Every structure is written in C-alpha cells, then in structure tokens.
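Presented below are the structures under discussion, each in the form of structure tokens.
There are two complexes below, and they share chain A, which is joined by chain B in the first and by chain C in the second.
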Partner chain A sequence: MKNNWWKGLAVVLLLYVAVAGLLMPVPRLAILNESIRNLYFHVPMWFGMTAVLTASVYYSVRYLRTPTPQLDILSHEAAKTGIYMGFVGLATGSIWAKYTWGAWWTNDPKLNGAAIAMLIYGAYLVLRSSFQDEQQRARISAIYNIFAFAAAMPLFFILPRLTASLHPGAGGNPAFAKYDLDSNMRLVFYPAVIGWTLLGFWLAQLASRVAFLKQKVYDKQLA
Partner chain B sequence: MGLGLVKKGRTIRVVALLAALLLPILRAVAQSPDEPEMADALRQSGKIYVVVTVIAVVLAGLLFFLISLDRKISRLEKEVRD
Partner chain C sequence: MQLVREIGYLMQKDFRLEWRQRATLSGMLLYVGSTVFVCYISFALRGGELPAPAWNALFWIILLFTAVNAVAKGFLQESRGRQLYYYALVRPQAVILAKIGYNVLLLLGLGGVGFALYALVLGNPVQDVPLFLLNMALGAIGFASTLTLVSGIAAKATNSHTLMAILGFPLMIPMLLLLIKVSKNALDGLEFDASRSSLLTLVALNMIVGAVSYLLFPFLWRS
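Moving on to the complex of A and B:
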C-alpha cells in the first residue's frame, strides 16, 4: 500500500480533471470555442507517451548492461503502453482537427512527424515478433528501441518547430502557452498531465506484472 | 512538539492546495453577448452537470476496475511466490 500512493494520486487527479476540465472557465476564443478543453485530454496523452517511452529506453539501456528477462519485459511493456498512448493522441488530435481546421488530417509537419514516429515504433513491435530466440529478441529490440526513441523525439518535438505549421507548439509558435498562461487552465492542465502520465505508468506496471507472472508459470511448468 | 508543528504545516499546505484547486470552480462566468459563443445555454439549463457526473462515474468505474485488477494481480503474485 505504501508504494501505491501514486496510483491513488492518479485516481484523484483524473477524477478532478474530468470534472474541472469540463466546468472550469476557459478563455473565449473564436473557432476553438469549448474545444479548447481538449487541451486537458489530447496533450497529456503525448506527455504520458513521452514519459513512458523514456522509461522504456531506460530499461533497454539497463538490459544491454545487465541482460535479464525482467528488464526486457519492463522495456517492452513500457514501449507498448507508450505506443497505445501515442495512437490515442493521434486519434484525439484528428477529431480536434476536424472541428477546428476542417479536416481529419492535414499534411502538417507536426502531424506527419508524429505519424512517422508512430510508424517507427510500430516497426519495433514487428521487429520483436520476428525472433524465435528470446535473448536475440531482447537484445536486438533493446538496441532498436534506443534508435526508435532517438529518431522519434525529434520528429515529435523538434522538426515541426522548424517549419510553418498549423499545430500549436510548431512553426516557432509556443504551443498553448498564451492560453494556458490563463491561470484557470493551468489549474487543470498541470494536474491532467501528471494524472494521465501516472495512469500510463500504472498500465505499464500492470502489463509487466502479468508478463512476469506468465514467465514464472512457464518456468515452473518446464521445471 | 516538533512533529506536531510539521504536521500542522502539512495540513495547512494541503488545505491551501485544495482551496486553490477547488475555489475557481465557484467563480461565476458572466460574459457579454458579442463574444464568441460558448456552451453557456447548456450551463444555464444546468444539465451540463448531468453529463459531467456521467463522465465522472464512467471514469470512476474504469479506475475502480483498474484497482481491482491491480489487486487480483497482487494476489496471483503471492500465490505464484508460495
């Protein structure tokens, strides 16, 4: 119980975000209107994804230093959770784009960058599933995971800033800073980022624990 | 006594944090009509709160499921260990 306080924090923050995110005052802006509240749900997906994928790379590096099946499982499950959050981010962004920019998808550097990054991570899953030998699978996917992170992060956060873009936080424009400088939005946005990120870690932890159990049961059956 | 002081300071901080998070909800939203339209009518009718409650219940249900899943896995871990 002592080690699970952060799960309780996630529950409290997410319930707070669901209520306050819909009811707290937001800036009145044309075109965006109430959809500005998507900031509390769409953006934290990417924050959470980045945090969980960073954890995944951390475990991959540790695996390469001391190869244990546990580290491989942790890195794999964290990567999978990050990929899920990334796809939810793409889907929510697409819905938001439809009703503010008028199209489900635009050839925007931010959008295409994110899509390519997700494909790079999709290749991680394909690569993993193509090995028979467990140690070979673990080692090569750990190396690829480091490469994928190094390739994906600039695609998400650096390259879109170098060209013109519709998306906030790209083309030199400072994301929602001018709106969430609105102190009312900050009161929901920061808890939302923390809450959804903690949820990502929670899901990754549960998935890893199931994988540990599965491995233990297999080992017992073999013994 | 030192412990009591620390505890008191923590309580005050928790109360201040809660107040900072919850008080702005109470603030009424009064706006002039020539500004971009928002979901004011929905609020005036009062029924947006119904939707918010429904979303909160759904989210609470999902989180409860997650907690019970967490507990089940903990129990299974214990069983496998023994």
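Moving on to the complex of A and C:
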C-alpha cells in the first residue's frame, strides 16, 4: 500500500473530477457555454500525454546507457500509453470542435501539432515492428524516440504561439487564461490534470507488467 | 582538432565518390529537373500564372522530396563492410558530422539548381531574394541534419525506403511550416523584422537537431 498511494489518489481525484467537473458552476462565456467543461477532460489528456512521453524518453535514455530488456519494455509501453492519451485528446477535442466551431477538424496550428505528434509516434511503432532482432529493435527505437522527442516536442509548445490560432487560449479566444479560468474552475482543473496524469502512469505500469509477464512466459518456453 | 581532420577526410571522400560515380549526382539533378517540369506542365495546362502561395508550397514540396531522396542514399548506399572499416578508423561523431556537412552542401546545390529551374519555367515572384536564399540555406541545414540521422536509422531496418519517409516527414513538418512562412514573407517582400522570430526558431531547431544527432549517432553506430 505504501507504494500504491498514488493510484488511490488518482481514483479519488478522477471521481471528484467526474462529479465536480460536470456539476460545479462554470462561468457563462459566449460560444463556449457549457462546453467549457471539456477543459477538465481534453486539456489534461495533453498534460498526461506529455508527461508519459517524457517518461518514455527517460527510459530510452536509460536504455542507451545500460541496455536491459526491462527498460525497453517500460519505454515502449509508456510511448503506447502516450499514444492512447493523445487519441483520447484528439477525440475529445474533435467532438468539442464539432459543437463549438461546427467542424470536426480545422486547419489550426494546435490541431496540426497534435496530429504530427501522433504521426511521429505512429512511425515509432512501425519502426519497432520492422526489426527482427530484439536488441537492435530496442536500441534503434530508443534512438528514434529521443530524436523525435527532442526535434518535435519543443515545437508543439513554440509553434502555436508564433501563429494565430482559433484554439481557445490563443489569439484572444476565451479559455485557459487568468481572466476567465476563475477560481471555481481551478478547483477542478488542477486535480483533473494530476488525476489524468497519474492514470496515464498507472496504465503504463500495468501494460509494462503484462509485457514483463509475457516475456517471462516466453523465456520459460524457450528454456 | 583530430575530429575536424577526420570530418575533413570523410567529406572529401564523399565528394570524391560522388564525382567518380556521376550517375547518382546527375540522377538527382535530373530528378529535380523533371519534378519541376512536371509541375510546370501540370500548371501550364490551366494557363495563366501560378498564385504566390501555390508557387511557394509547390517549391517546398519539390525540395522536400528531393531532400528525402538525396539524403536517403547517404547511409543506404554504404555497405556493411565499409561501415566496419570506418568504425576501425574514425570516431562516430566524425562520421555523422561529415555526413551532415556533405548533405548540407548537396542540398544547397540541389536547392540552388531547383530554384533556378523553377524560376525559369514558372516565373520568379520572389521580391526579397537574399532573404529567400538565406531561408533556403537554413532549410538545407535543417533537412540535412534531420534526415541524416533518420537515414542512419532507416538503413538498419528491413523496409528502409518506406521507413525513411514515414520517420522523416512528421519530424520535418514543423520545420517546413516555419520555412514556408519565411519564404512567403520573402515572396511578399516583407521587412526582415517580420521573419526574424521564425528565422531564430529555425536556427535554434537546427542546433537542437544537430546536437541530438551528434549525441545519438554513437549508439546507432554500435550495432
């Protein structure tokens, strides 16, 4: 229990977010209206994705220093979890956009950045599957993971700020800014970010455990 | 100092090889030429002049594909035995820096020829040529440093040519967006201040990509 307190925290926070996020009062803003509640579900996905992918890069770096199959599995499963969270982020954003902007997808720097991130990690998965040798697969996908993260990730935080965007939070559109994220919303938003991020790590941990077990079974069969 | 000498030798070797088997070099030049001509023919059918945004986008797409094709052969062409030979002679950092340097010069040459041909057949709406050329040089450096490591990664896998595109394109989209933006500014003859921040971001991006390639290549090399 001592090491698993954060899982309990994740459950409590997410239950709170689900209830409070849907029931607590939110500011009445034009266009956004009740859809502002998506802030509690859509935005934390990206926070969680970034955190989990950073963890994946961390394991890749450690793999390159000391190559062990465990580190490779951890990095791979963290990357996969990040991809899932990214897809949920895209889906929640897309549904939100349909009702607020009237289109599932618009040509917007933030949306394009998210799509590129998904393409990069899709390429990572394809790269992994195109090696027969396990050690080579582990090392080369670790290299690509670090390279892609360093080359593309900073840009997702810089590029949208250089260009005008329709996305909330940019170009004077109402969203996550000091004047409209009122204190009531903060009460839910910050727990939501922490909760979803913890859930992301939990998922990655579970997936890694399954992968460890699979590896064990495989090794036993070989022996 | 030793490193600089090794880079010098390796680049010299690359140029000498290129010069001796002129087929690949002339093949690439012809590739640029025929792509430009295909674009010219397909737009000439409609008659009238190409609007500036389309001119710009088309030019960069041509350069992008040329770059992928030109850089891809860098590591794909080197046989395993020759790689081992370098391994015994020089340090890995020299290999990657020499390859990047060689590819930068190659892409500069190809980009210059492409621009000349393109302007010849499709007209030259660029109002600020020095800025356009500076931007193209930054583009060549960026494409070369991104694609060189990617080609090194792809060369290790089985389906290298597909991998080259799917690994490289998403990584290059952010760079490409910045390049297209600056080159549009050059086309419209905007003041330098309008493109300064994008140019600085490009320089920073090139440095990140170069540094990460430098750090990661020794690991890629070992296999």
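The working rule: the second predicted complex is superposed on the first by the 209 of 223 C-alpha atoms of A that agree within 3 Å, B and C clash if a C-alpha of one lies under 4 Å from a C-alpha of the other, contacts with A are read in each partner's own complex, and residues count from 1 in each chain.
The rule is simple: a contact is a pair of C-beta atoms (placed from the backbone, for glycine too) under 8 Å apart; a residue touches a chain by one contact, two chains touch by 3 or more.
Small disclaimer: the values here were computed from a predicted structure and weren't measured.
After superposition onto chain A, partners chain B and chain C are found to sit side by side with no clash. In the superposition on chain A, A:91 makes contact with neither chain B nor chain C.
Once the two complexes are laid over each other on the shared chain, residue contacts for A:103 go to neither chain B nor chain C. Rounded to the nearest 10, the angle at the Cα centre of chain A between chain B and chain C in the chain-A superposition is 170°. In the superposed model, A:20 makes contact with chain B only, not with chain C. In the superposition on chain A, A:11 makes contact with chain B only, while chain C stays out of contact range. Overlay on chain A (Cα): least separation between chain B and chain C is 33 Å.
Residue overlap on chain A between the chain B contacts of one complex and the chain C contacts of the other is empty. Those residues of chain C lying in contact with chain A across their complex are 146, 149-150, 153, 156-159, 163, 166-167, 169-171, 173-174, 177-178, 181, 197-198, 201, 205, 208-209, 212-213, 216, 219-220, 222-223. Remark: chain A residues 64, 109, 112-113, 116, 119-120, 122-123, 126-127, 130-132, 135-136, 139-140, 142-144, 146-148, 150-152, 154-156, 158-159, 162-163 touch chain C in the complex. Taken in their complex, chain A has these residues touching chain B: 4, 7, 10-11, 14-16, 18-20, 22-25, 28-30, 33-34, 184, 187, 191, 202-203, 206, 209-210, 212-213, 216-217, 220. Contact residues on chain B toward chain A in their complex (touch as defined above): 20-21, 24-25, 27, 29, 31, 35-39, 48-49, 51-52, 55-56, 59-60, 63, 66-67, 69-70, 73, 76-77, 80.
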